[in-house]
Amino acid sequence: MTGPAADGGSRRRPRDPLGRAPLVLLIPAVLAVLLLVTPLVTMVAATDPASLVAALRSEAVRDALWLSIVTSTAAIVICLVLGLPLAWVLARVDFRGRRLVRSLVIVPMVLPPVVAGIALRTAFGRSGLLGEPLLGLTGFAFPYTTWGVVLAHVFVALPFVVISMEGGLRAAGPVYDAAAATLGASRRLTFRRVTVPLAMPGIAAALVLGWARSLGEFGATITFNGNYPGITQTMPTLIYVERQADTDAVLALSLVMLAVSVGVLVALRDRWLVTA
Amino acid sequence: MTGPAADGGSRRRPRDPLGRAPLVLLIPAVLAVLLLVTPLVTMVAATDPASLVAALRSEAVRDALWLSIVTSTAAIVICLVLGLPLAWVLARVDFRGRRLVRSLVIVPMVLPPVVAGIALRTAFGRSGLLGEPLLGLTGFAFPYTTWGVVLAHVFVALPFVVISMEGGLRAAGPVYDAAAATLGASRRLTFRRVTVPLAMPGIAAALVLGWARSLGEFGATITFNGNYPGITQTMPTLIYVERQADTDAVLALSLVMLAVSVGVLVALRDRWLVTA
Amino acid sequence: ADDDATLQILAAASLTDAFTELGTRFEAEHDGVDVEFSFGSSTDLAQQAADGAPGDVLATADEDTMAIATAAGAVADPLVFATNVMVIVTPQDNPAGVRSLDDLAGTTWVRCADEAPCGKAARAVLERAGTTARPASLEEDARATLDKVLSGEADASLVYATDAASAGDAVTTIDIPAAERERNPYLLATLGRAGDADLAGEWAAFVTGPDGEAVLTEAGFSRP
Amino acid sequence: MSGGGGLSARLAVPARLDVELTAAPGDVVAVVGPNGAGKTTLVQALAGLHPAAGTVRLGGTDLTPLPPQERHVGVVFQDRRLFPHLSALENVAFGPRTRGVAAGRARAVARDWLDRLGVGALAARRPGELSGGQAQRVAIARALATDPALLLLDEPFTGLDVGVAAALRIELAGHLARYDGVTVLVTHDAIDALTLATTVAVLDGGRLVQTGPPHEVAARPRTEHVARLVGLNVIRDGDRHRAFSPSAVTVSVHVPDDSARHRWPGTVRSAAPHGDAVRLQVHGDHDLIADVTPAATRELGLVPGRRVWLSVKETAITTY
Amino acid sequence: MSGGGGLSARLAVPARLDVELTAAPGDVVAVVGPNGAGKTTLVQALAGLHPAAGTVRLGGTDLTPLPPQERHVGVVFQDRRLFPHLSALENVAFGPRTRGVAAGRARAVARDWLDRLGVGALAARRPGELSGGQAQRVAIARALATDPALLLLDEPFTGLDVGVAAALRIELAGHLARYDGVTVLVTHDAIDALTLATTVAVLDGGRLVQTGPPHEVAARPRTEHVARLVGLNVIRDGDRHRAFSPSAVTVSVHVPDDSARHRWPGTVRSAAPHGDAVRLQVHGDHDLIADVTPAATRELGLVPGRRVWLSVKETAITTY
């Protein structure tokens, strides 16, 4: 409590005690950033400012942007609700067939999005295996509805979320689960109060991955749900359709999407992505 | 060494000491698996066996499959070479602007694949900002070549790989880096002998994510590279073209892709995906 | 014709069936010639052609997209080699009992998006007929529109006659009288940088010749 | 012995543990034994954290089928396992909270325990911001705060400074005196075993080799490890043991010509102050310890490496 | 003192540490102090692992600008930090390997160290498969195997059983006697400080409050912590200290009427065997310790809670 010297007011970034990062790692890292950033920069440069203004004024753009945000967010909430338990089971429960389940979970990632849409149709379409009885019983069908968009997003994003979360949960050592158990915490409480907070960086990163994947998703959505403004037309769908008519507009629309997503990512504080 | 009782020969899976997994986690986990697996099953059921046989016989399919595997594998190797250092820098080096770099790295994930293709064109296209001088100097241009396919795959998969690896590297505690440093290991050696082996489960999971993403990639590839059989026509591109002619064939082709990818995923032993 | 020449054709995806067949016939007639296709959306192809993508011939599904290539100086003097017309298709058993555009109201039907070539045609037809029924979806392209009927996801859709023809017995095709006056053209042009302009020219002639006529008609196209 | 009311356990982990342990309510069982003897394994098996064959009964309840969260144990782990994402206070309040204590009350209980262990001022810090000994005290507070029926302390005084360790022994002795549960205390320190325990259980190679009241085990150690622990010399003679105190050992630099019947040559390995005496470790046929006066140490030059003779009178030896 | 050849450090970590430390080549500096005094912080700062203001010079070289990997230190971390993915052998061979020793030779060196520390049989196990004390020994082997110029041992005997700890002290004493580097040994155990150290440095609240040869610090402790550590009573009297041995204390249950000038009332907090005596902790105005005979303990009923009077003769007190 009574320290030898008061903490200086200056909050300078301290020199890393382990020394400078080696060039053999810095150089590829810089290359990687350049590879990812250059196309974004050139795309911005190639965009006609006039069409950007037009895009921002367009009601169709606002609708699509809003729908994109709503459906991606809904999808990621569902991915959290379904995916976190699945990731936990894969990380913590030692059951026969775990390897198979993990492989099956990865498979939808491999499907080209359009095929994912077709697969969804065979299951949940109006004449799909589950969709047909559902329609008969309730009169509800996923295709052509916003729910269908969310379903497609979940199907595409969930594998990324689960696999990525599983890594995070494994890193949040089971020794703390054991400690919590001796303190009387049920597995459920342990999950909520210990495992999840400890794995939070990984979980958050997984959700960002999933959200981004879902925001850019288009093939499965359009194949399964079609494209109707205000109902199923997300930004990527609008961009795709628009492209057939007006290439300039595509860049402008893409920029709008980029701006929104960078805004969201920066707004999620650093610690939500990964904590130091 | 001299134990009180010999280890029984039976290798039964021991009961989890912490008790059964709670239903509140098991139920959503099962739902998640069902959601992901049902469409795959119904898709298999909907496939006409005859077209499956035809697909397997087709030379175009074999070419495209081979190209897909080659380009995805090349892409993931590049993702490893560039992405692992970048992930390490994001996880370990405390530099001004780290948050911004991380956001920029995530952005390409948000781009709909077709837009990613357009962005790539503005940078690396024959008349792109970098592509034009490159073409002028070397006579080489990325678009419409297998290199272009690999570039598109890297652009699309790298963000997933980096963000996911960063989580893994963060979990491989820096305290071990410090221990290695006191034993005389340079940061480079520490990276190779300590950090990477410790983060292996996360790194492997990230590579699987990236490989899967790249295998299913199609929008950026076809936009940036066109669709030339044997050169740029990957499985997803072939499936796209085939869809214009024959939906049955699409299912058959997708199944072939699925089978191959499940085969690869299962072949990568459990420990390569995530170790217990 | 030359030995061991390759003819590289960039063609709208809706031409996949017809051009593949024509390619086989062309190869049979031209010893040592290899015809290769790069199918894609007309927009993609036109842009790629403008960007200098390898290829000898560009075939697009409408004038606007061909204009992209023309404007870039990649092609000159495109020619219309076929036209297409809108029809209604329903699943084979026509569950919603659609007989004409007027029956669309109240059913789950789809058409192409306004921005797609097939969407422009569909909208023109619908406007001409005064139909105001709202589709469930504005599809990305003609094939996706057909697909919705084929898979039972839609009761009806407006597609090209060529798409209907490719689906064969799987669908019931209903002609639209008002559509005849909204035919849309398919254009073909030799790319400026064609490796073998002669061969490209021969392909144009072949497509507009008797073989082309036979195959294209079989596929549901009409002559311009 | 019947385990009615107290603890009665029979546990086996292949190749690591095979013990039978009973204790009456209120008992404090000190588990001692060399590294790798299975002490931690025993603690974990009792807590239900390590799969083990056998049964554990406590106060008439059969704990065997119960998972750890229903056994109502309190554990100080050898590797501490404080939750890194929670403050010291939250770590300690965790147990009461899960046992249904209201949040405010749980925090008050936690704060009280932290105060008792002298780390109340650090309540808001996370484990990563504590020194080793500070963290150890938080770990002890966390285990005690749940008021468990079975208290399992795996080397709880590790890393504590002498003052705190002494104070904590007193605190713990007071607590354990009022406590009618069973305590299992793993320790490498004779003081813990002798001051806190009602029973000492000596573990070696996964088996219990001796159990009994502290003074008895201390007086008649059956393993070299316990002899070292309590500072006695023990020599095995067939299946009997002969024990004698280090202060009964006479050290000379020549062959002794006195009446002592027992004498051994050896080499001094170390010399260190022990109370008012100097304790020598002598290596020979037997490894023995001898306490001599500081004066003698100087006069005889008893530094490491010195060859010496040790002798003990028969009357100073207990045989059992 | 000049640091020429030896260690000369001046280190400050805001609010945690501010010390100046010098040591000659071959010196073993025992750093003692209560929990949270800054001992681990000092070790980490010397190793270059904790950002600190100041300078560190060793054998004429200025280590200050050097990162840890170039300081050639050997560290036993308080939290061990064995590489979990490497076997015990690989952990120990890691240092020699990075210092350029050929693989086979490094493994031989590692095996030798593991053997010396009695864990050679566990060479193939990973840290997760070792008991606490076994892992601790591997950690010590790992630090020693690099033959460092500066050896930093943070509570190296933690979790070791008495036999091993004693053997290890002997082993280490031998090693350190031949060693011309500087050793900094953090410990809570008086025996370590007294048997292994050439200098004892007492840290409190981040500052060095006393430095000197072991016997001097032991004889004239300036902090209560050191007094406790060496088992002396120390009473502060203005800026002077008065020390006396626990065996000089007379315990009575009534107000003593003898000639002793110094007497204090108090309550017995604990009674534990200490050598052949019983050591009492007595709580009063001062917390004092007193050694009495087991017989006296029984006769006077010196159990915890008993009110007693302590007295010391003036002649038994050292004032400094």
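As written, the chain order gives the labels A, B, C, D and E, with residue 1 at the start of each chain.
Operating definition for what follows: a contact is a pair of C-beta atoms (placed from the backbone, for glycine too) under 8 Å apart; a residue touches a chain by one contact, two chains touch by 3 or more.
Protein identities per chain, from UniProt: A, B = Molybdenum transport system permease; D, E = Molybdate transport system ATP-binding protein.
All values derive from a computational prediction rather than experimental measurement.
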Original post:
Tell me, which chains sit next to both subunit A and subunit B?
Top reply: C, D, E
**OP:** Please give the pair of chains with the highest number of C-beta contact pairs.
**Re:** A-B
Original post:
CA centre of subunit B versus CA centre of subunit E: separation in Å?
Top reply: 52
**OP:** Measure off the straight-line distance from the CA centroid of subunit C to the CA centroid of subunit E, and report it in whole Å.
**Re:** 86
Original post:
For subunit A and subunit C, what's the span in angstrom between their mean Cα positions?
Top reply: 36
Subject >> Per-residue overlap in subunit E, given as positions that touch at least 2 other chains >> reply: 48-49, 67-69, 79
Subject >> Sequence positions of subunit B contacting 2 or more other chains >> reply: 17-19, 178, 181, 186-187, 240, 243, 247
**OP:** Give the residues of subunit C that touch two or more other chains, as numbers and ranges in rising order.
**Re:** 147, 151
**OP:** By the touch definition up top, name every chain pair that qualifies.
**Re:** A-B, A-C, A-D, A-E, B-C, B-D, B-E, D-E
**OP:** Could you pull out which subunit A residues touch subunit D in their complex?
**Re:** 1, 175-176, 178-187, 189, 193-194, 197-198, 200
Subject >> subunit A residues touching subunit B - in the complex, by the definition given at the top >> reply: 13, 16-22, 24-29, 31-33, 35-43, 45-46, 81-86, 88-94, 96, 98-116, 118-120, 122-124, 128-130, 154-155, 158-160, 162-164, 166-168, 170-171, 177-178, 181, 186-188, 190-191, 201-202, 205-206, 208-209, 212-213, 215-219, 235-236, 239-240, 243, 250-251, 254, 257-258, 261-262, 265-266, 270, 273-276
Subject >> Complex interface listing, subunit C residues touching subunit B >> reply: 8, 10, 13-14, 16-17, 20, 36-40, 44-45, 48, 51-54, 143, 147, 150-151, 166
Subject >> Touching residues (chain side subunit C, partner subunit A) in the complex >> reply: 41-43, 47, 64-65, 68, 108, 110, 113-117, 135-141, 144, 147-148, 151-153
Original post:
Quick one: in the complex, what on subunit E touches subunit B?
Top reply: 47-49, 67-75, 77, 79, 81-85, 94-95, 98-99, 121, 142, 146
